[in-house]
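Labels A, B and C are assigned to the chains in the order they are written; within every chain, residues are numbered from 1.
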Amino acid sequence: MFRVIGLFVAALLGLASVCFAQDPGGAATLAENLQAPVDYVWVLVCGFLVFFMQAGFAMVEAGFCRAKNATNLMAKNTIDFTVASLIFMAFGFAFMMGDDYHGLIGTTGWFLHGSNYDVGRYLVFFWQLVFAGTAATIVSGAIAERLKFKAYFLYSLAVTAIIYPIYGHWVWGGGWLSKIPFGLGHIDFAGSGVVHTIGGFVGLAGAIVLGPRFGKFGKDGKPKAIPGHSITLAALGTFILWFGWFGFNPGSTFSAHQLRIAVIAVNTNLAAAAGAAVAILLVFKKTKKWDVGMMLNGCLAGLVAVTAPCAWIEAWAAVVIGAVAGALVVLSVYFWEARGVDDPVGAVSVHGINGVWGLISVGLFADGTYGLGTTEGPLVRGLLYGGGAGQLIAQVIGAVVCVSWALLLGLVVFKAMDKYFGIRVTPEEELKGLDIPEHGTPAYPNFYSHSN
Amino acid sequence: MFRVIGLFVAALLGLASVCFAQDPGGAATLAENLQAPVDYVWVLVCGFLVFFMQAGFAMVEAGFCRAKNATNLMAKNTIDFTVASLIFMAFGFAFMMGDDYHGLIGTTGWFLHGSNYDVGRYLVFFWQLVFAGTAATIVSGAIAERLKFKAYFLYSLAVTAIIYPIYGHWVWGGGWLSKIPFGLGHIDFAGSGVVHTIGGFVGLAGAIVLGPRFGKFGKDGKPKAIPGHSITLAALGTFILWFGWFGFNPGSTFSAHQLRIAVIAVNTNLAAAAGAAVAILLVFKKTKKWDVGMMLNGCLAGLVAVTAPCAWIEAWAAVVIGAVAGALVVLSVYFWEARGVDDPVGAVSVHGINGVWGLISVGLFADGTYGLGTTEGPLVRGLLYGGGAGQLIAQVIGAVVCVSWALLLGLVVFKAMDKYFGIRVTPEEELKGLDIPEHGTPAYPNFYSHSN
Amino acid sequence: MFRVIGLFVAALLGLASVCFAQDPGGAATLAENLQAPVDYVWVLVCGFLVFFMQAGFAMVEAGFCRAKNATNLMAKNTIDFTVASLIFMAFGFAFMMGDDYHGLIGTTGWFLHGSNYDVGRYLVFFWQLVFAGTAATIVSGAIAERLKFKAYFLYSLAVTAIIYPIYGHWVWGGGWLSKIPFGLGHIDFAGSGVVHTIGGFVGLAGAIVLGPRFGKFGKDGKPKAIPGHSITLAALGTFILWFGWFGFNPGSTFSAHQLRIAVIAVNTNLAAAAGAAVAILLVFKKTKKWDVGMMLNGCLAGLVAVTAPCAWIEAWAAVVIGAVAGALVVLSVYFWEARGVDDPVGAVSVHGINGVWGLISVGLFADGTYGLGTTEGPLVRGLLYGGGAGQLIAQVIGAVVCVSWALLLGLVVFKAMDKYFGIRVTPEEELKGLDIPEHGTPAYPNFYSHSN
């Protein structure tokens, strides 16, 4: 690994001979478009909010897992964005947003160098990077409490260099999925598919390869609840994610001149609320307890689902989409548990399943008031608004491709690592918790705790 | 309850026949006002910050209460914004900002539908919603550790459908209070009254109806301290609230073209600092301990108080207003405790009492440099700047109406629920903590804790 | 102390006779520059993010220290920004940004009064205040777990009234360091020196005067690890700081019309990532453990280092600068430990040492694509880009001055207080933890903890 780092640094130093193409200072870009500052401010501030979702994921995952693995979860949630930043700068961004090669992959922009040393390109990079980092970090919840840190380190490389950017190219980089001849092609406004379905199903692959945690299933095969160690941190994390999503969705206009951002913000919020309400009521109906964990996941499910359609729907549809997401997440959690899949924080259900629902919902609820990032040109219209089945078909195709790609590549990556060096910690380490054997530091050394 | 949900969803689906009035896409609005994007960005980003205050309230309340009720507090702090979002979209927004009916109530804009499907209206909705959600969540601190979750659920409906929006209409929706013939009418820049006094006094109503927690008062009637379970979370929450207040106050210009936003940001911060400093010094003088809880409440008290006057005063006045708030919150906490009212986090003192002080301070310190959201037209001027008593009278009238409305409606709502199904948990549940009986989940299952 | 407060309040009330110079309402400023709103929005929002770093510092310091001192750390992290706000408004801002007196100190702008009651001046004040508050709060980590609260209170006065603003004047207020005849004078884009080196070396002074905590060094003089009480809070704090740094660095253009903000955001992020990666890998090489604490400090070290050069470099250089910072922080932590300096959170290494590295890196990597907050006029060029040694010399001179000033004044302040009233708590208080003797409140009264 250190040789890899050495090569990486050597490559960087070789870049000192910069070619001053384009506009690194920004004056020319401003001269061309005097309205650019407000768009830059909008995209950057929204990007900062998306970055902050890293803190949200870290808190949700820590909160929903046990104290004995909290240090490990902090390590994973930090290293994935660290790796994403470096690898996406080196390779991922070029694969995703570089010049298109036959609709399959991008091929230019390595190391943000040369003609990419430009304020506009750096802006695009920043935006795409925080999305890549989100996709990467979703997985850590599904494989929590049993994966070796080294494997997570390497997985982070794979997802941000290959899995995420290539699929991203297909949808957002001018690739083939955006051009399939149904509706307006496969569309995904802010990434229900590109970010969440990818993250969720790579997570499913990891959870399958790893197998369940000790104690998750009884001898009779029945699932047991393994409560997380801090509901307050889980709630804090959910609020941070909800907050960050206001960057994620409205910022995806990539322009403040699209005043539709107000509609997107409202829709984002309503779906979250509807998801939370339905999830807590559904579980209450069954158990007579007001289940906070499920409410938080319902909220996140609503957010995931509305991410694809948020720009193309009216408020009432956001409520319906979120409500369905709130039900789906509950059913999905039970579904995977019943099939022996152990996903400690419900990442597959929240992000994977509801990402798919979000993609499909575009084909149903898009109401023809808004187009592809603009009010000019073709407007997006779903089944309920006389758009016919075209867009719906495009959405289903995209969803199938997305799930297949994520699951397949995810299985390849985790299986390959498992074969090569074994990705699961030893039973002793798992029972004791990963914090001390992997990191040398318990998360809470001043408190008396039990390992559950 | 499920029938209600069913009706709600049916109503939503009935909206699929949208009427495309106004400007849902935003192009026409932009064409009319090319400067709109920066205002949209400003309002949305500030609104996101106000939303994030939900996390701040959750952390402050959890931190100041006991570990055995932390799950319950997370549930309440999530459900109130959830309910607020859905109900305010359905009814509250129409009551508050819809077409005025004789100065009493708004009457249009149900479900954000029809002519409200418009980028500008959605922007107004988003802004008003995050304020409604703030008012709602203030109450949960005052009634913490003993209210049934179901009662909180229903209370949230009442406050966001009726109590908050109707009073809000009177002040911000063109209603009668804004037109009383003193000064420029009753004014409240960012909601010391509309949000905080309402929230604080509904909270007082709840605390009175519920009665004190077990152990709060000794047999001799003397109050005992019930320390919260995490000073770190309480401090984190306070910082989040302070941060969010920079959206709350400066964003209330609803326009970035009001460069007064810089003055408002400075004033907001100075009042917080002055409140914190005075509160900690006052308590130190009495107890010789540097009381962190009181410092945090002093900070919040300063923020609450400056919320009404922030746009109309100079920096030095913000310091004085905050300093008075810091003293008031200390005195108020002792005052209510001495009268047998148990307000676990001091919400009545922070929001209720200092909301009133904020309203009144406008009539004293407004310096005639700024008007009603503009530098043109009449400027706001208080007693100290030669404005006479007119504005002060308008502020006192508004404060009296605000307190009366909140307390009266709050008592009606909590009394009615109490009569109908009993709003307090059983003594056994209260002693054990609400987390397991109400939610089935302790907040911190991996740690050894005692219930205090 | 109460007499001081009384005088302060009396002084404030004396300000009621305002002089309406300049433009307190903002209309004239807007009329002069119709593009001002987006710049105001940018500066304010970035300033809010910088403010939020207060929460980050509080969480990092709490997380890396023991549970028995957590209340004390919350108190310190709140009081420093409180004091900073009030004192910087009264004096510090005038010293730093007031009219220059022979390159040494500013002399106008007391209490933000008179001609400073102006939207533009308030904007500058807000920005400079959040920076002053950052410098102040850095110190609390280095002197954690043994300093009397009273001493911290008084130290906060000294740093925000004198140490920070005077040095700040030399670099950012038109003072002598910005005019030394090498390169373009000493330059520091967002404050590697002005904020971080100052904070870090004042912290070193405090740590030296205080001496190490009990138990930090064995009888053989060898350092022992004293683990912090919450890795989750430390990680949360680091994410908050990383998030806030996106305000700190890009916002330092003080204008959204500098589209270079996109490059600055990318550079900021890459340095953080590189610092984190190198720090964790270096420690892993030595200990075979994935050290989360060091990764978090590596991340912060990268952020500190890139703060000075962020506007003048390309992405690859940000990676190199961050990578060096990640190594430096590890070496520096060992270095100071080996010399008997006890810095509980590594503040000296993160902020002090890497602040110096950041200043120097400008003289190496500045690539001549950007100037002093503009693309017009002279561009900044370092050794690697044919700029010769001039800029490097200016940077080294500034770094030497910065370290000397901070260390000297820091020693004076802490020594003077120590002589006058003794700044260290008693051994009994230290062993028991500062929370109860100083504040009367343990941070976590519901949990069973041990004091380590």
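Quick notes
Keep in mind that, in the parts below, a residue touches a chain if its C-beta (ideal position, glycine included) is under 8 Å from a C-beta of that chain, and two chains touch if they have at least 3 such contacts.
Predicted model only: the values in this text are computed from it and were never measured.
Interchain contacts join each chain to each other chain, per the touch definition above.
At the interface between chain A and chain B, under half of the residue numbers involved are used by both copies, so each side presents largely different positions. Note: Cα superposition of chain A onto chain C, rotation of 120 degrees, nearest 5. With centres taken as mean Cα positions, chain B sits 33 Å from chain A.
Each of residues 38, 41, 45, 230, 444, 447-448 in chain C touches at least two other chains.
Interface residues of chain A facing chain B in the complex, by the touch rule stated above, are 35, 38-39, 41-42, 45, 49, 66-68, 227-232, 234-236, 238-240, 242-243, 246-247, 250, 256-263, 265-266, 269-270, 272-274, 276-278, 280-281, 285, 287, 289-293, 295-296, 299, 314-317, 319-320, 323, 367, 369-370, 375-376, 384-385, 444, 447-452. Residues 1-2, 5, 9, 12-13, 15-16, 18, 20, 24-27, 29-30, 34, 36-38, 40-41, 44-45, 47-48, 51-52, 54-55, 58-59, 62, 70-71, 74-75, 77-79, 81-86, 89, 111-113, 117, 119-120, 122-123, 125-126, 129, 149, 230, 233, 435, 438-448 of chain C are the ones that touch chain B when the two sit in their complex.
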